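Look for chain A in each of the two complexes below; its partner is chain B in the first and chain C in the second.
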Partner chain A sequence: MSIVKEFTKGLWKEIPPFRLVLGLCPTLAVTKSMENGIGMGLATTFVLVFSNILVSVLRNIIPSKVRIACYIVVIATFVVIVELLMQAYTYPLYQRLGIFIPLIVVNCIVLGRAEAFAGKNTVFASAADGLGIGIGFTISLSVLGAVRELLGNGTILNINVMGPSYKPFAFVVSAPGAFVCLGLLLCLMNIVGDLKK
Partner chain B sequence: MTDYLLMVISAIFVNNILLARYLGNCPFLGVSKKMDTAVGMGMAVIFVLTMAGVVTWFVEMYFLRQSGLVYLRTIVFILVIASLVQFVEIFLKKSIPALYAGLGIFLPLITTNCAVLGVAIINVQKDFNFMQALIFSVASATGFSMALVLFAGLRERMALSRVPGPLEGTAIGLITAGLMSLAFLGFLGMA
Partner chain C sequence: MRDIVRMVVVLSLICGVSGGLLAGVRIGTKERIEYQELAYVKGPAIRDVLQGCSNNPIQDRFKIKHGDTEISFFPGKFDGKLNVVAFETTGKGFGGEIGIMMAVSLVDDKVVAIDITTHKETPGVGSRAKDDPAFKGSFKGLSVDDPFKIKSEGGKIDAVSGATISSKGIAAGVAEGAKLYKELKPYILKKIKART
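Moving on to the complex of A and B:
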């Protein structure tokens, strides 16, 4: 039962980057299109799940004084795996995400979950937590990516939905637009959260 | 010489690491509520980023590329940065306690600042030579600190004004950052 709870909390109650304001750099940088958002979200989910599992398995062996360094090594290992996998199988996506794939190492969400959850809980609970937070992050990135792609380009997943007469709103896909869109989405989430109470 | 000058202007204003390259946004929103913490963080970043940029450059050129281990770049760089931060911390504690006390909690936090790893990776991806890597690191760090301090100033003012309920906190912070980024976009024609 509690495993289900660990999983679902990542989907609304602690959904990153809205509820947990961590991992903003990839959120802002790769969400020019929905496809990039999904790709980045899935890569992060992969790292989150496996680093959570490994940290949880090793939690009684790692000395608490050097735990952060150990967590970083674990995370970096999985990031290198993702990097190599993406280079082999999804090269165009790998090129578009560019520097932000290696930067998953320093995504505070991953280290934050290792420190706050996986270091203290059982393997299954940690895997569920990693999967939940990862999927929550993927959803956030996809939604933000979809909004920006729709307004800035008139397409969703490269399919034109706004018709040929639509004038793209280029501000949304530029750098300032990323900040403003994320801020407005966060505001919208706060309004919905208040209504639910 | 003009090349280097252009590089500095480009890294500080045109391609500001925070507002145009989107690196290091967590500390940007996290520690920008007060001016003095922002200044502390800015100083710590200038210090560590410059050292990390130089050290990782040497590691890449004289170790990774020589031995064909470039695919391990991410893991090696983060280890170098983490140990560098640890080393700087110990060194400052012993020899310059005043600076250590000033930087305080921000020093360990820098390990997970993606600006540091980001600049290190950009340095080697663009095949910079040593001078270029050094200048790019210093300029990027300066750009980071400048944006952070400016933003902290804005946020201190904002704390005094009334913000609509759902926009409070991070949401209004992000929108302000967006407006700042828009202002920096104006430098685009310069370099």
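Moving on to the complex of A and C:
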């Protein structure tokens, strides 16, 4: 498969968390607003790209018996780096995402890509794969965040678009609302997918 | 056997490099993170007690050792001179510690303003002391030598009715801060002199 294909598969065919149903915890927890979704998505993309690159570079050195331990160390390193950087440069966002930033360590997408892809492929393919999956994840979280913010708060990126008479639909920003929105979006994606065939 | 040695060496090497990298990033961002934390957590209170100052008190902060702890001071520039200093002190309220940001004038040793940074007081009861401008304003103009006590204890401060314990706690915290200020004033002046 070409590099371009490795990148674009993450945007539709294997887009997380809809197609690759992994990483649901941050998806459901932080997408109360579009801004949170974008922030979480980009932080995960950063970790994905760099951990994929490093795991791919080291794939012939790491003994297979301790590979999971090595992957976790690599991933945890980049998570702490992204956490420190966010604390230093985007403090309000860091405060809002809270515990979910350090929890990227246990995000199945990151370990999943390291194990399923980066451990077996070349550095460039792995970087493209990480970037594609990461951007796909960012898109999913942004869309889900936008839908929930629009319905639950009447705003998008903190800009009021529904007018002052709009009565917020508070259920959508609660945890059960996250499941319902995720389900409806998945349903919509399946319909579009079927039409394409 | 060779397998085990290889596993140990590789894993140790990865962990070592990771540790070094993280230490580097930590050192590189330390200063900036400290600034951000101050700006977002304590910033509003600092700006409130130093209202109208012409400098950035968080940027100009300095630390003075007091016993085992280091205390951060935030100098405020008024009329072209760093003549007010803000710092945080704590008092014991009903629900736990109350963090108080207080600003003291270096010219006449009088309290300029106080504000609450953190508290665990009962919402709607003790927390009213935090939001009552008249209560906070009653500290204004008191000298650091005054006894910081509420009226029922023979002082000059009107306690917020229904929030006596919180009011007492805040007054005691300010008294603590005043004591600290008197003790450290020579050092504060020295630090400020070095700035100008």
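Worth pointing out:
Keep in mind that, in the parts below, the second predicted complex is superposed on the first by the 196 of 197 C-alpha atoms of A that agree within 3 Å, B and C clash if a C-alpha of one lies under 4 Å from a C-alpha of the other, contacts with A are read in each partner's own complex, and residues count from 1 in each chain.
The criterion applied here is as follows: contacts are C-beta pairs under 8 Å (C-beta built on N, C-alpha and C of every residue); 3 or more make two chains touch, one makes a residue touch a chain.
These figures come from a predicted structure and were not determined experimentally.
Of the two partner chains placed around the shared chain by superposition, chain C is the only one that A:61 touches, whereas chain B remains out of contact. In the superposed model, A:77 lies in contact with both chain B and chain C. By the touch criterion defined above, A:4 lies against neither chain B nor chain C after alignment on the C-alpha atoms of chain A.
Once the two complexes are laid over each other on the shared chain, residue contacts for A:102 go to chain B alone; chain C is not touched. In the superposition on chain A, contact of A:157 is made with neither chain B nor chain C.
Once chain A of one complex is fitted onto chain A of the other, the partner contacts of A:69 extend to both chain B and chain C.
Set side by side, chain B and chain C differ in how many residues of chain A they touch, and the one touching more is B. Contact with chain C, but none with chain B, is seen for A:88 once the two complexes are overlaid on the shared chain.
Common to the chain B and chain C interfaces on chain A are residues 69, 73, 76-77, 80, 84.
In the complex of the two chains, the chain B residues touching chain A come out as 19-26, 28-30, 71-75, 78-79, 82, 111-114, 116-118, 121-122, 125, 165-168, 170-175, 177-179, 181-182, 185. Chain contact summary for the complex, chain A toward chain C: residues 58, 61-63, 65-66, 69-70, 73-74, 76-77, 80-81, 84-85, 87-89, 91-92, 95. Interface of chain C with chain A (complex): residues 3, 6-7, 10-11, 14-15, 18, 21-22, 25-26, 29, 32-33, 36-37, 39-40.
Within the complex formed with chain B, the chain A residues making contact are 21-25, 28-29, 68-69, 72-73, 76-77, 79-80, 83-84, 99, 102-103, 105-108, 111, 174-180, 182-184, 186-188, 190-191, 194.
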